[in-house]
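Inspection log for the structure reproduced underneath, given as structure tokens.
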Amino acid sequence: MAELTCLVLNCTLKKSPAESSSELLGSQVLDALSDHGVTGSMERVVDHDVRFGVSTDEGDGDAWPALRTKMLDADILVLATPIWLGQPSAVCKMVLERLDAELSETDDEGRMLTHGKVAGIAVVGNEDGAHHVTAELAQALSDVGFSLPANAVTYWVGEAMQGVDYLDRSPTPEKTAATTKTLAAHAAHLAGLLARSPYPASS
Amino acid sequence: MAELTCLVLNCTLKKSPAESSSELLGSQVLDALSDHGVTGSMERVVDHDVRFGVSTDEGDGDAWPALRTKMLDADILVLATPIWLGQPSAVCKMVLERLDAELSETDDEGRMLTHGKVAGIAVVGNEDGAHHVTAELAQALSDVGFSLPANAVTYWVGEAMQGVDYLDRSPTPEKTAATTKTLAAHAAHLAGLLARSPYPASS
Amino acid sequence: MAELTCLVLNCTLKKSPAESSSELLGSQVLDALSDHGVTGSMERVVDHDVRFGVSTDEGDGDAWPALRTKMLDADILVLATPIWLGQPSAVCKMVLERLDAELSETDDEGRMLTHGKVAGIAVVGNEDGAHHVTAELAQALSDVGFSLPANAVTYWVGEAMQGVDYLDRSPTPEKTAATTKTLAAHAAHLAGLLARSPYPASS
Amino acid sequence: MAELTCLVLNCTLKKSPAESSSELLGSQVLDALSDHGVTGSMERVVDHDVRFGVSTDEGDGDAWPALRTKMLDADILVLATPIWLGQPSAVCKMVLERLDAELSETDDEGRMLTHGKVAGIAVVGNEDGAHHVTAELAQALSDVGFSLPANAVTYWVGEAMQGVDYLDRSPTPEKTAATTKTLAAHAAHLAGLLARSPYPASS
């Protein structure tokens, strides 16, 4: 059968070439997925001119439609986001709002175009917030049609009120590395099942 | 293959025989699952002497071990909860904390005992809070090993600051009824796939 | 003593002159505040070229510094936001991230420049999410130095999965109108107290 | 004027005499408040037979009414809670639900009995969740009539997926100690202002 593919959307606030902890964790997820035969790529959302909105195309040079095409072509979508104020980045929220448009985009059988896709979550911050970010993303991604594997998240945060970045935390903390492997194994497995056996049509 | 089964845990604050909107929505989920050959049952958690804690058995007459056996026997777990202060009920949070113990309960292959199970979410309130309750539950259930189908929730809430109960909202609002059907179709499909093709062992 | 002032930041996703339910609720808060002698104004954030970031000035034409000056000049800050996916708008999250910079902006006594200011919250959506939006905003605003009066929020949401806008809900629902009055009375009272008696210096 | 008082409700899941990190942080808040002339006491909620519910008295031996009297007698209420699954403890949620009853308990002037009281938040966990717990509590406490000072929370959490307890983190991390001092200074100041100048009656 066809190879599975993954798109990682890096939701850092900083444009390239600034360093990004989310990019590091996102690339580690892609590496782990490649062990399961999944190929993929990563896009840094702020490098594109994505507009605020809740439609598939806000017009006038909006860069979302191109990213959306990549998302629709992939079997697995991973949102990699930093934590700010204990919450997902504004860029990540902007992406979720663009995905909200999928609620009204359905196939001939009445299913969302996202219906066989699997989502993964990757979260990094100096301190505190990974579980809450996961909650926000898991709810939103399930609402817009993605399935979530068991243990759908990998993350790292430091001790309370410290300022260490994941980028500077070398080597990769063992528990985060193990969690990334589990996420990849589960996401690849679930995406394979759903690719072969799609959800039934709505009646 | 073996019939799929579902356990609904009703997380209302009120002991039987008090009426419960969560029970009504939970029973509608069970009905919808039966259309897909899934058999099931519902337990009202507060009718049992479940203790606060994060172990599988808090001892001294704790009723969680018996409910846990039912949970482990089921392919699908549905948490049905009311909304209080825009948040899941304390009973629901107590259940999530008992499920937290599953993080250290693994099979011979290093997988949580929950690893092939699918979770569904059913939320009712007079007003406001269903998406947030879904977020809290989706994150926690994914953390403790459950997989979430696309559109993993059904819910009803009324207009802001009004006092209508779901129980008294008859006939069932059409959109909630349709959402319940989708949840059931997706949960049954995903549970079937994972029952036949479990997640791989951790390496 | 000097008159108290309020700045409302409208966090709708839509640029002017598009209609905005958040603008309607924000203007109702301003009206209610004027009954307590508070003068104010409202800015629609997306009409300005505010950049993603966590500093006071992201440079290169960033419009935040001008809005920040208005915020620093006001005694009361009201964030008015729509709900998308049960969560605050991405524009609102962008504003919170810009406010995060205040953590390192302190006066001669070691207090944040926001330290005597009071925050209010105004939330509107077709359905569901006002309590959660309030939670996200209350936490973030408290973190960055604002005080929250009792009953710090006014809101309106419709019944689950319906599509009515607050704009089209005329006349204003009585309970929302009463809640707006309470928010205004409490915010004006608390801002007056803190203007006359600032928090003590950090030791 | 009369001395200000504080009640800390420790929302640990474990009955006395089990050690409790929340108790340690709660007692540090009380110490810091005493520097501002605030006297106080702490109650471990699970040592009392508090019932699930949303009324002021669930009857039949319910221990909430006695705790409620202490709460009504205090100027400052601090909720000290552990983090489980990134969320407030079930005991803490149970307390919030009992406080929900205050929405319908008003004085002769139409104000909630909680209306001049100030709330503080103290959160501890092995890892991750303090900001989210703060959000849940800040929203709920504001809804039921408490005012929140600037920087209304003190907390400690460890690095991601580690197992260190706050109890075993000695000496107290400097940043948490400083944050506790700020919370105490702000809560005492705000409680003093509101004790002398209550919110106006509802019209």
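For reference, chains read A, B, C and D in written order, and residue numbers begin at 1 within each chain.
Everything that follows uses one rule, which is that contacts are C-beta pairs under 8 Å (C-beta built on N, C-alpha and C of every residue); 3 or more make two chains touch, one makes a residue touch a chain.
Worth saying up front: this structure is predicted, and the values here are computed from it rather than measured.
Peer 1: If more than half of the interface residue numbers appear on both sides, call it same; otherwise different. Which is it for chain C and chain D?
Peer 2: Counting which numbers both chains contribute, over half are shared, so the two copies meet through the same residues.
Peer 1: Averaging each chain's C-alpha atoms to get its centre, pick out the one most distant from chain C.
Peer 2: Between chain C and every other chain, the largest centroid distance is to B.
Peer 1: Report the inter-chain centroid distance for chain C and chain D in whole angstrom, where each centroid is the mean of the CA atoms.
Peer 2: Their C-alpha centroids are separated by 25 Å.
Peer 1: As a quick test, compute the distance in whole Å between the mean CA positions of chain A and chain D.
Peer 2: The answer is 36 Å.
Peer 1: Return the distance between the CA-based centres of chain B and chain D, expressed in whole Å.
Peer 2: Taking the mean C-alpha position of each chain, the two centres sit 30 Å apart.
Peer 1: Would you please write down the residue numbers of chain A that are in contact with two or more other chains?
Peer 2: As it turns out, chain A has residues touching two or more other chains at 85-87, 131-132, 134-136, 139, 143.
Peer 1: Within the complex, which stretch of chain C touches chain B?
Peer 2: Within the complex, chain C contacts chain B at residues 85-87, 127-132, 134-135, 155-162, 173, 175-176, 179.
Peer 1: For chain B, which residues count as touching chain D in their complex?
Peer 2: Against chain D, the touching part of chain B is residues 13, 46, 52-54, 84-91, 93-94, 96-97, 100, 136, 139-140, 143-144.
Peer 1: Please give the residue numbers of chain A that touch chain B in the complex, ascending.
Peer 2: 112, 114-115, 131-132, 134-136, 138-139, 142-143, 145-153, 181-182, 185-186, 189-190, 193-194, 197, 199-200, 202-203
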